[in-house]
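Input: structures, listed below.
Each of the two complexes below includes chain A, the first together with chain B, the second together with chain C.
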Partner chain A sequence: MKFRIVKDKIAGSTMLVLTILSVLLAVLVGWGLYYKSLPLLEKNTLWDLLSSSAWKPSKGQFGFFAFIMGTLWVTAIAVLLALPLCLLSSIFISEYAHPRLRKIIVPVVDLLSGIPPVVFGVWGVLMVVPFIENYVAPHFVAYPMGYSVLAGGIVLGVMIFPLIIALFLEVFSAVPREMRDASLSVGATKWQTVKFVLLKKSLPGLVASVVLAVSRAFGETIAVLMVCGSVAIVPQSVFDSGYPLPALIANNYGEMLSAPEYESALLFAAFLLFAIIFLFNAVSRIVLGRIKKRIE
Partner chain B sequence: MKWKKIEEQFFKALMILSTVVIVASFFLIVGTIVSKGLPSLSWEMLSEIPTGDFYMGGEGGILNSIVGSLYIAAGSSLLALLISLPIVIYINVYLKKSSWMGNLTRLGYDVLFGMPSIVYGAFGFTLMIYLGMKASLLGGIIAVTLLIIPIMVRTMDEVVRSVPKELFEASYSLGATRYETAFVLLKQVAPGIFTAILLAFGRGIGDVASVMFTAGFSNDLPQSLQDPASTLPLAVFNQLSSPVEEVQARAYGAALILTIVVLLISISARMMSKRLSKNKI
Partner chain C sequence: MTIATPHISVQNLNLYYGDHHTLKNINIDIPDKKVTSFIGPSGCGKTTLLKTFNRLHDSSLEVRVEGKVLLDGENIYDKNAEVTSIRKKMGLLSQRPFPLPMSIYDNIAYGPRIHGEKDRHKLDEIVERYLKDVALWPEVKDRLKSPASRLSIGQQQRLCLARGLAVEPEIILGDEPTSALDPKSTQKIEELFLELKEKYTIVLVTHILRQARRVSDYVAFVYNGEIVEFGPTEELLLHPKEKLTQDYVKGFFS
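After this line comes the complex of A and B, so read on.
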């Protein structure tokens, strides 16, 4: 009889240790990357690293500005593309669509989230890049080139559709049915109800979801790397090539071991991604968690 | 009066249009991959390893990558399950529903879930250098395990939380300890756990950025955990960057195989999750 209780206690403390260790993993990842980027941070000030666009590893110059701008361009295009489409579509799915139709749309969107990044990349190379090169860019620039931040933004935008829609649908479901009914009963149309009740009520949740989507877009590597052109310049227009931070890490890991400073620079890039995404994720998850609690 | 009707119609049309665009994008991607990949698909591709001049258009197939992918995805799913199951049991059975520790753990995993795979890849690489390991099957398994633990914990936690508390109470009232109750719970949520494994497996098999640094690359089948291994997404990525057209065509074929595998896994995972619990309570 006693033995069962002892077993219960032992299992409990083992699992407690495992749980604590696993959560410490987040801290460990951050600390490990920070520790590895220390050599670079000792030689250069943080401001210099972030604001200089001189990238000459052989001369020991590591300026991340071009890569940061590349990431921002691609992320901005992706979010600008995905946000209106996903907002309209999630309103349709949650407010207008017949349950039977919803049961078809939601699984398809779900399947989209399961497609591996490299397949998105192949699709980008096969379809998005030629499309931009042949049909879009020639109207705007003299030397059209498909591999551009626009191509990266489009591929990335499609990649974050499922995430945004899933989050938006959850946020909308937290708005009580009675609020919609009250609005409809005083003669508002469905769209007016959406505009004045649903969107107003769910604004904090929507913002948190977008922040989460931005941080997802920030870190996506392979698909973007395959279509962005990987030229280390600060993009001036959507048709310029770009070189986002994650692509920088992925492209150069082979040479990373040739110089300790180089390794330090690449792991600093990884640390930068980690820090930004950690912050964005933590804040938006706390906001979304509060909203979820309200339903329960 | 008329205006609000027009507005309603206008926005409804926009919404339908957006939904069509989003749903169509899925079929567009799958359609593109199928139409480009199908011509270069052959039995040889599935059943042979690359020969010496494979990357210049020579003979061979991508069996090495298929096997490597399966090893890495299966190994890391198993490892991740062994780690995540106790965590999920602890925060749901041992801790009270609103305990700060449970909430902190959930928040931690939400944040880890959002981490891009390149961060895990870079961290795994640093860890391997620190431990003196070379890029190998084991290295790839470790990096992918780190990547999929958050997926497993989150998915299983969601399933377990949907179990009514009467099940726990019934078990406790019969004198069972929390440890014994955990087994009652596991029996109830077994299909949900299987769904979580499938989802994690699908993510693990498709990810590149985490295995790029850690798994190495090899034309041979891995014989031991210390051997470098190739994976399917790596094969797609490497072959696509080749200037030879035949090799590129094979990249499309490999992408098609990967897409089929991943879609099959996702579809069966969703079908599983329809019956999340064994017995209706």
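After this line comes the complex of A and C, so read on.
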């Protein structure tokens, strides 16, 4: 056998092994978390853990409902805020902006994604929280408080902003110029072309980008932790405090009370987070498949 | 060469792509309801010239156009000219077919809908009529709702032609419209052009001399951003006056 063919085989199998390892890692993490949460699962039913919002580690009560809802609220607010803004700005950057302007905007947006989360957290504490407390919440609730899921959502939304824009721009640039020309040449305006052709053609890519961004948002910890209030209640409105799962883990792991099963409970929280992201991704894949089939 | 009633009249047209002077002082009259072909080597500017006719360069902000393109006597580069209504007057066929990401039906109905047609029956009629005009109707009439991307390349190109015709243009612009097609589909498109020139003015960009000869009434030889020679097909291809044209049609360079 020639040497270059041997080399080809070696390269192929090395990469296969590496790929298997990285997939295995995900499985291992999931399994490890599950294994560590077994002590908790042995004493409580899964349903109790998920549906109860009583969190009293010293009394051995571990209900995760408030944390799950906290996570969902913050992530949902972040996505709802970021999505329309990102969509419009990426359409502007990709379709309307002068190339020279584009060359300035895109690096700035990229730079935004390089800012450490803790800085966003500080920004949230110094600006977003007081703003909500003094100007927004008083119009809606009797006892306004800045540390809320809204603050968490805003900070998180700003943090996933650059990621979504970068992904959206990538998706738009994959639509051939000639397809836009085809629409323009029957007399469509730019906006009509964007609405009926660009967005339609890009839909699967846009959905996939949002999934990626949401998965990241679920797990974002430090910045959210700093502005959410960390109160283990089920938020009833955007002005209530919340306590997302990642914040729970980060706040408590390592300084656990000597309560039994506390560690197990925190690792179960991590497992839950893992499961939520996994489920979310699985559902999105199915949705994405449907969309792709419909458009082609 | 002078044309009595030109449909498109290009006057002192210059186009710059950044610093590059791509089209140099172009003057040409495109005759009404005839097929006019632009021939020339790759990169000579023939496609660029074609795209100035429906202002497709507008979206490339690096491109600067000077001079006039008169469509029925009105300058399409005039400040007050409305670009969408200019483009509506011209159907465009690109080098490869680009069906829009929707069904066969919606591809044809796209243009009329853009311009405000909502009546379901009228749209049905339009779709049927133009699919028939491009001889695609028998092949697709039972699957109008299926995605246009499932058609063969040749069928897609005819679909794109029908999509352009559906907004009732006066002119058809073809940018090497058969270059991605097999000989059979090419022949179909060429036959269509010969039929369509009864009703439409057709401007074609092609690098296939035989195609220019088969379908066009007039040929312009473009070289290095300039129109070297323009005349009736037989005359230009068989008895070119310019040395450059002679060399090109004899195949000395391409």
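One rule holds in what follows: the second predicted complex is superposed on the first by the 249 of 296 C-alpha atoms of A that agree within 3 Å, B and C clash if a C-alpha of one lies under 4 Å from a C-alpha of the other, contacts with A are read in each partner's own complex, and residues count from 1 in each chain.
Here is the rule we go by: a contact is a pair of C-beta atoms (placed from the backbone, for glycine too) under 8 Å apart; a residue touches a chain by one contact, two chains touch by 3 or more.
Everything numeric in this text was worked out from a predicted model, so none of it was measured.
By the touch criterion defined above, A:226 reaches chain B but does not reach chain C.
Judged by the touch definition given at the top, the superposed model places A:249 against chain B, while chain C stays out of reach. In the superposed pair of complexes, A:189 makes contact with chain B and with chain C alike.
Between chain B and chain C, it is B that contacts the larger number of residues in chain A.
When the shared chain is aligned, chain C comes close enough to touch A:178, but chain B does not. In the superposition on chain A, A:99 makes contact with chain C only, not with chain B. Residue contacts after overlaying the shared chain place A:275 against neither chain B nor chain C.
Contacts of A:46 after superposition: neither chain B nor chain C is touched.
Contacts of A:207 after superposition: neither chain B nor chain C is touched.
In the superposed model, A:80 lies in contact with neither chain B nor chain C.
On chain A, the patch touched by chain B and the patch touched by chain C overlap at residues 189-190, 192.
Residues 98-99, 176, 178-190, 192, 196-197, 200-201, 295-296 of chain A touch chain C in their complex.
In the complex of the two chains, the chain C residues touching chain A come out as 54, 56, 59, 61-62, 84-85, 87-88, 90-92, 94, 96, 98-102, 110-111, 114-115, 147, 149-150, 160, 163-164, 166-167, 173. For chain B in complex with chain A, the residues that touch the partner chain are 4-5, 7-8, 11-12, 14-19, 21-23, 25-26, 28-30, 32-33, 36, 83, 86-87, 89-91, 94, 101, 103-112, 114-123, 125-127, 146, 149, 153, 177-180, 182, 199, 202-203, 205-209, 212-213, 233, 236-237, 240, 251-252, 255, 258-259, 262-263, 265-267, 270. On the chain A side of its complex with chain B, the touching residues are 4-5, 7-8, 11-12, 14-16, 18-19, 22-23, 25-26, 29, 32-33, 36, 84-86, 88-89, 91-93, 96-97, 105, 107-112, 114-123, 125-127, 158, 161, 165, 189-192, 194, 212, 215-216, 218-222, 226, 246, 249-250, 253, 266-267, 270, 273-274, 277-278, 280-282, 285-286, 289.
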